[in-house]
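Let me begin by presenting the structure, written as structure tokens, before commenting on it.
Chain naming follows the written order as A, B and C, and within any one chain the residues start at number 1.
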Amino acid sequence: MTNAASFATTPSGAKPKPFITWERFVVYAVLIVCALFFLLPLYIMIMTSFKSMAEVQSGNIFVPTLHPTFDAWSKAWDSACTGLYCEGIKVGFWNSVKITVPSTIVSIAVASVTGYSLANWPFKFSEVFFTILLLGSFIPYVVMIYPLVIITRELGIFSTLWAVILVHTIFGLPIQTLLFRNYFASLPQELFKAARVDGAGYWGIFFRIFVPMSVPIFTVSVILQVTGIWNDFLFGVIYAGPTNYPMTVQLNNIVNSSMGGKAYNVDMAATILTGIVPLTIYFVSGKYFVRGIAAGAVKG
Amino acid sequence: MKNWKLAAALCASVALPSVAMATDLEVTHWWTSGGESAAVAEFAKAFDATGNHWVDGAIAGSSDTARPIIISRIMGGNPMGATQLNPGKDADELIKAGLMQDITDLATKEDWAHILRPASQLASCTVDGKVYCVPVNLHSGQWMWVNRKVFEDNGMAVPTNYNELIAAAPALQAKGIQPLSLAQGWAIGLLAGDLMVAVAGVDNYVKVYKDRDMTIAKGPEFTKVFEAIAAARQFAPADKIVPQWNEAVSLVIQGKAAANIMGDWAGGEFAVAGLVAGKDFDCLPGLGLTPVLDTGGDVFYFPKNADPAITAAQLTLASTLVTKDVQVAFNLKKGSLPMRADVDLSKANDCMKKGLEILDHSTAVFPSGSQMIDRDSLNQINDLLNEFFANTDMSVADAQAKFAAIIEAAPK
Amino acid sequence: MMLIVLGVFVCGTIWTVLFSFTNIKILPIFTPKEWIDGFVGLANYRRLFNTDRWMSCPAITHIGMADWRFTCTGALPNMVTYAVLSIAIAVSLGFLLAVLMDQKIRAEGVFRTIYLYPFALSFVVTGHVWAWIMSPEYGLQASMRQLGWDSFSFGWIADRKMVMYAIVIAGIWQGTGFVMALMLAGLRGIDEDIWKASKVDGIPAWRTYIQIVIPMMKPVLVTIFVIVTSGAVRIYDLVVAITDGGPGISSDVPSRYIYQNFSANLGQSLSASTVMLVAMAIVLIPWIRMEFGKKSQA
């Protein structure tokens, strides 16, 4: 029990339970062991990014560097070449933001309303519609590229931000709709019925009852969309047009150069730098994973 | 009507380069590593000097990633000004669909047929007598790279060809050194292709790939080829095969492996590591057996464009890419051979000079695989060879039969 | 918007299926005339199922007493292996982590971010790190032997029979975090009163989870299952980054076949997609009818 006891000496605020239990020790042990497994590749990436290329080529991947250097990081952000321009991955940052923010908002808005309709306002072909959507989530998206080129061309939006937002919304929709439909279906139906009796309409019920009760699922949905859209390369490069190339185009150019030598240290730094935005979202999203929202809404 | 427009554009580009309006021309290519970027910068500098502006559209990942993107852009009605693309069979469909600019007039005017060599390069840009692309350099894949130190330190003779390396292989293995480093994927295809050329000879190789001569593909010459490949797989077992070509080269540089077979672009890795050709390492064209080289290389196509200003700029760019100064500056940085014989290459390194010498003997050069057969068939051959390397249960006869079946089914 | 999306999926699917019967190669075609001109019947499908890379099943003659192997190899069976294993492990591990995270622990945000971060990083590079870790030359095996553990062996990635399991490890690493997040959202959506009630009744926590919480979370579990399955069916980046289908073609998967042929032989790409689509439809449609059909009647 000495280990568990040492937990007790760590400073703690007011906790609902005493801290020194055998169960809690197991909980933390499992969480920490799993965390170590998850962290191993990150450790190697960070170590590699602080090495020089000579050290990367000769050294052991697990051994920390003796001469840490920030060169790879500044190179990745600021001066790594992708073709003619040697300005690192920072070039596409704002374009990525311009693509990700509207695409995330539009796709989640559309999907949550669609999911709400499917769950609570079934229409004639809603089952067929849902089946097609679900099947859609199993299609390898690459085969849809050419038909979408023709569709966006006919809509007159090819090579614009609109096209890439549309494409992300389309491909995000199957999974997102499923997410919301099933979540809304699991909420107590009495609420919905009571609201209808009170005379609330389609939008009224959605905004006043369903949205406030569904903060955790909106959070998951944001996590999913931001990650997918921020890391997308192919759709950005095809539909957004060269003036809107996202950051991942630079990342791909740095990481995937086909014939020239690979600078692994810069690759690692560039990857971590590109991932910072979704990582921040994950961390910040924490406070929306709160229990009791559903319960609170029922009572309020 | 079209010809008139083209002629006008041609006049504008050639006769009045200094008064021509500055046009932004987006150029797509997949050169993104440090050395490649420096080489592209030479193109851009020269093009900007004509009063136009090179807008760079680099997309890494070679033709597999880039091709769908390029096709999408063209189909979507927003084509780039110029684009790198593999020449030959891959681009034929785009040309036949009428999506590419015909630059025959410029080629005739500047007499490319005579200033650019070898003839195979311009030929692979030519469809039905019309020229559609500009070849900018030559890359060859038939090089063996040997770390001299590995042999010298162990008191062994440095091999001068592939056969000597194989003879020395057991001794190397006894000392814990991998005789041949190898990367998976296309690198295995490259090794096997080199062995076809080395064992069966250039003539038979071309007869199989270009003329689809099935008697040779199924015959004893190619049985020997597959036996040689089977011998090579003993010295590069599955758990020693690395994912990337440059990791395989790196094993040679570090002395963990004795040799690697790779294209001339591997020279850049040795240069970065500070190794000197002839002193620290040897580069042996044609695997040291017969000095022959294939003539792969990079070319630029010009998608058709509605804007005459862009068409004019396209022709200006095409012309710029093959001027003497640009050819020298670009190829020295790229580590490839220039298209023109009439340029000064005193600054070239030893390996490049060896390559140039071979290039002067036109019988020693032959077209690269992708100039003779379509990408789909090449992919299938690659799959087969990778499987043959990884699966020691697969017999020589089996592999040869499957190879012949792919060649037979390939579209002419 | 819903109609546009529906239209896109339907049009795209129809195009995929129809033109999988043509000799379409590199340049896409769309018109009926091009379809008639390029029609080749089942040629693409014949080639697909004659390709070892897609699927190859040993003849029954191979079966002997000592060597009883009736296993198919190729992209399609690899995907099934991957899907079954990665889904089973990611879902159970994700559930375990979510339950533990739900015990009012400290630094929940830190743990959650640690489990989720693999999801955020481009797999092109993290896959390469996994390739390093699992490579017998550079990775764990080499390091353990350097430390003096000479018999340590971990060479799955270079072993034709084990390589898919190596990819499963990386897949779990990448996908479990999201399962955990979704489970956690589901757990947090459960009414606090249920816990209080079960505590009053003296039901142990593990029984509350199994008998009350899991059934209540069924919609979320269905969502998770569909998301994880669709990810596993479309698995691509992972394989490309870690093995690129190697050794040989032993870790190839359908998406890789579809992607590679997309820029070399569209006909193959489209016919392979159609096969995947039909297979998924056969599995999914009866299930959807069962799952959702009865609810809409109720």
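Basically, a residue touches a chain if its C-beta (ideal position, glycine included) is under 8 Å from a C-beta of that chain, and two chains touch if they have at least 3 such contacts.
Note that the coordinates shown come from a computational prediction; the quantities given were computed from them, not determined experimentally.
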Chain at maximum distance from chain B, centres defined as averaged CA atoms: A
Higher-contact pair (C-beta pairs counted), B-C versus A-C: A-C
Between chain B and chain A, distance of the C-alpha-averaged centres to the nearest whole Å: 39
Centroid distance [mean C-alpha coordinates] between chain C and chain B, Å: 36
Rounded Å distance between chain A and chain C, as computed from the means of their C-alpha atoms: 18
Multi-partner residues of chain C (each touching 2 or more other chains): 28, 128, 259, 262
Residues of chain B engaged with two or more neighbouring chains: 65, 68, 71, 75
Set of chain A residues in contact with two or more other chains: 142, 145-146, 150, 252, 255-256
Residues of chain C that touch chain B when the two form their complex: 25-28, 52-53, 128, 131, 135-137, 155, 158-160, 243-250, 259-265, 268
Chain B residues touching chain C - in the complex, by the definition given at the top: 63-65, 67-68, 71, 75, 90, 93-94, 97, 184-185, 238-243, 374-376, 379, 383, 386-391
Complex contact set, residues of chain A against chain C: 12, 15-17, 24, 27-28, 30-31, 34-35, 37-42, 44-45, 48, 60-62, 110, 114, 122, 126-127, 129-148, 150-151, 166, 169-170, 173-175, 178-179, 182-183, 185-186, 216-217, 219-220, 223-224, 227, 230-231, 248, 251-252, 255-256, 264, 267-268, 270-272, 274-275, 278-279, 282-283, 286, 289-295, 298
Interface residues, chain C side, partner chain A - complex: 1-2, 4-6, 8-13, 15-16, 28, 30, 93, 96-97, 100-106, 108-109, 111-122, 124-126, 128-130, 132-133, 138-139, 142-143, 146, 173, 177-178, 181-182, 184-185, 187-193, 216-220, 222-223, 226-227, 229-230, 233-234, 236, 254-255, 258-259, 262, 269-270, 273, 276-277, 280-281, 284-285, 288-289, 292-293, 295-296
Chain A - residues contacting chain B, complex: 57-58, 81-86, 142, 145-146, 149-150, 152-153, 158-159, 234, 237-239, 241-242, 249, 252-263
